[in-house]
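To keep things simple, chains are lettered A, B, C and D as they appear, and every chain counts its residues starting from 1.
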Amino acid sequence: MSADPFFLLVAILFSIGLIGVASRKNLFVVYMSIELMLSSVNLLLATLSQVLGDANASVIALLLIGVIAAEAALFLAIITHLYREKRTLDSDKFKNLSKVK
Amino acid sequence: MSSSAITVVIISFTLGTLLALLTIPILVWMERRVASLIQDRIGPNRTNIFGFRLGGIVQSFADVVKLLLKEEYYPAHITTGRWLFMFAPIITFVAALLAFMAIPFADTLNINGEMLRVQPLPIDFGVFWYMAIGAVGVLGVIFGGWMSHNKYALLGAARAGSMVISYELPLGLSILSFIITYNTVDFNVMVHFQTGTALGFLPAWGIFIQPLASIILIIALFAETNRNPFTVAEGESEIVAGYMTEHTAMKFAMYFMGEYVAMNTASAVIITMVFGGYQLPYFATEDLLTHFSTFAVIIMIVLPLFIYGFIKWMQKNNRVKETLSSDGGRAFETRFFTIAFIVMGVVLEFILLYLAFISQSDLERSIYIAVVQVAIFVMKLMLFNLFFIIIRWTLPRFRYDQVQTLGWKYLLPLSLVNIFITAIVVVGASL
Amino acid sequence: MSQNIKVTKRPTYTLKHALYLPAIAAGVKVTFKHFFKNISDINAVATLRYPEEQPTDITQRYRGLHRLTHRQDGSVACVACFMCATACPSNCIFIEAEERDDGVDEKRPKSFFLDTLECVFCGYCVEACPCDAIRMDTGIFSLTGNKREDFVMDKEQLLSHKGVFSEELSRARF
Amino acid sequence: MLDFNTLETIVFSILTLFMVGGSLVMITSKQTIFSAFGFLLAMIALGGMFALLNNRFLSIAQIMVSVGAIVILSMLTILTVNAKEENMPEEKNKFILISISAIIVSPFTFLLYKALTTLPEHFTKMQTINSKVIGSLLFSEWVLPFEILSILLMSAMLGAIIIAKDKLKGENS
């Protein structure tokens, strides 16, 4: 079985995640898109582990799942906090650090 | 794959599906009859097919038919996403059904040198499978609760979700201490570990080796399956019917049946991990195979006694009071089943005679042992389901904050302490 | 004085209570005892097997279906005073009065309808009746029908019901 | 060139359909709950993809962590935040934005794909990577990253609690 389709899938998933981050304003969708990008990297690692016949990549993928979990916890906490501050899920409203108001 | 392997896989898959699906009406019937008997009532016993009422089991089938034929009704305020509203109960049901599929029903069959697992999904990481799939079921609850656009449903869904998060931890940690003790993630090997004796006189079941972890496991599984005393997600005294408030007809039935399948799965997991699975206490499969004749003779003596007792019980109880004129066909049913049981007993006796004294084939004997083990498994499963039901009709419901307190403040530290003790003992024993 | 006061010790919250499990075991023991007792002899359960077994504990004060009583001469005892219809909380009694010209009394009901689907069986009509014309002593507790009209009792139906406890006729002194 | 096993091809196509479809639902739908559903589909299909790659342990870990923990946690947060219609962002020209960014991103996708295909194209041998291999590697060569990960998880947990907590009672001012 060729590994090509897997690589194509990885590229497409990563791009979809990127599009989601770039074009949506809903904080939850942004968060999920980032998760999706991380997961596509995970799929790439698993594919490489099979392609190269090396279990080390699988271990990295396993660790990455842990990192994704940590990231999810933090991101969700931040979303809850932001929503409590301004009562909105619009990412454009949180510009406290930018010069252009 | 040889033909025997395919046969075993098909048979065990059919067995798993039947055990998961066919126990639903039986469990619903058990729930209603046991509840009524506990409360000094009788319970449903009128529905019949040609006079056969089977103690009232027919009522459950009638209920399912009723729910199937009901109108598919959607509340008018659910405008977008009806498909998800309808799909949510299916997630719960399918997840509970899939989680059941990793349970071994009998010991590994040795057919002409091939080791075949009697397990619907022949996987060797059943514990992980259960933990992974079992948690998916709550997603259906959350989706259904959210899509209802209803305060009570939303509250029920939030309660179910937070309860799963808080009880997944003690569950996982107690399972971890079992994994450390048994040194495996394979259900089948776990059952093998539990054959034989501990301390000389007890069967080496998990509950005697790991009492604290067993209790935490049982409590956490009660909470996972939303059974009493943890029914806060559908606490009808506070939030109408919780997440299933807006669900009607077959959608409700899916939630309802999913709950019973989840309960069945939880019982199966508890039996496999804590109560020795499909094994008879004290006896391993190899012992039964080597002393097959003795075992067969013992069964030949016990079986008629059991059938005699059952027939006596049926004749005493499957009748109406003397004061009543009509018995509604109960006498005929009793006669029919008496004859049927006697014929069944005779046939089984002849099969046992053949296996014990005439045939010397190892294959037939091991298949017979597997059948006996499946029977033992089903008996243990039903006993533990009965325990679930009796607990439901004994205890009142916990308040929601008490549930969370119990999970986070007591079970989590206890299971952590148990892991430390287990690790110290296991490492100390290996030194 | 203090010797009459019995001091009971308050139960202390011990480890046994904190564990919950002994209490759960005690509860399971109680339920299991009931379960086992009933499963070993189902006919000892006191439940009434209703359609075959009829209730025997319907007392004189049981409020069953209504009836209209008769006078000594067999005519209707009701004088169409509308007391029952006024007292009725669910407005289920509909009376139309007419003049009575046989010299026995002045008024009688031309029609007397009682909608048992609306009736709440409170018995206020019986209390209100000045001449003991309506009673609820028939002992009929189950009322069935195929359509809504079956449940609206007219005068003839109400007169045809028999009382099962006390005397048949009205006790009012006319 | 293509030496696909038929069954594997079918499974791969179905899983791809679920993953791409789920992620498209995720980035296009208006309501957050449908996004979460699409995300759930993509995650489950990813677990299936790991199983297709003969990596059972990773597959189970994916289902257990991504679906059993992350998606449920996200759903729970969506439930507790419970944003009303007026609190959601206005995205009138959502689809225009999505298509513009898709056009911008597509060369990058192609580039990524080309870069990845310079790697070995074929699976050397489809061996099953079982939990034993992963476990022994994790606790021998990768033990330091593993420990660092546990510290990361710990700090993430504490950080999440501190961020999401209401203001402390002392500092009401």
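Miscellaneous remarks
Just so we're on the same page, a residue touches a chain if its C-beta (ideal position, glycine included) is under 8 Å from a C-beta of that chain, and two chains touch if they have at least 3 such contacts.
Just so you know, these numbers come straight off a predicted model, no measurement behind them.
Set against the Cα centre of chain B, the chain with the most distant centre is C.
Centroids built from CA atoms put chain D at 66 Å from chain C. Centre-to-centre separation of chain A and chain D, using mean CA positions: 6 Å.
The distance from the centre of chain A to the centre of chain C, each centre being the mean of the chain's C-alpha atoms, comes to 69 Å. If each chain is reduced to the centroid of its CA atoms, chain B and chain C end up 46 Å from each other. None of the residues of chain A touches two or more other chains.
Along chain D, residues 57, 61, 69, 73, 78, 80 each make contact with two or more other chains.
Taken as a graph of touching chains, this assembly forms an open line, each chain in contact only with its neighbours along the path.
Applying the touch definition to every pair of chains gives A-D, B-C, B-D. Contact residues on chain D toward chain A in their complex (touch as defined above): 1-5, 8, 12, 16, 19-20, 23-24, 26-27, 32, 35-36, 39, 42-43, 46, 49-50, 53-55, 57-58, 61-62, 65-66, 69-70, 73-74, 77-78, 80-81, 83, 87-91, 94, 97-98, 100-102, 104-106, 108-110, 112-113, 116-117, 119-127, 129, 133-134, 137-138, 141-142, 145-146, 149, 152-153, 156-157, 159-161, 163-164, 166.
Those residues of chain A lying in contact with chain D across their complex are 1-20, 22-26, 28-29, 31-33, 35-36, 39, 42-44, 46-53, 55-56, 58-63, 65-74, 76-81, 83-84, 87-93. Within the complex formed with chain D, the chain B residues making contact are 80-81, 84, 123, 125, 128-129, 131-133, 135-136, 138-139, 142-143, 145-147, 154, 157-158, 161-162, 164-165, 168, 185. The touching residues of chain D, when paired with chain B in their complex, are 31, 33-34, 37, 40, 44, 56-57, 60-61, 63-64, 67-69, 71-73, 75-76, 78-80, 82, 131.
Chain B meets chain C in the complex at residues 34, 37-42, 215, 313, 316-317, 319-321, 323-326, 390-391, 393-395.
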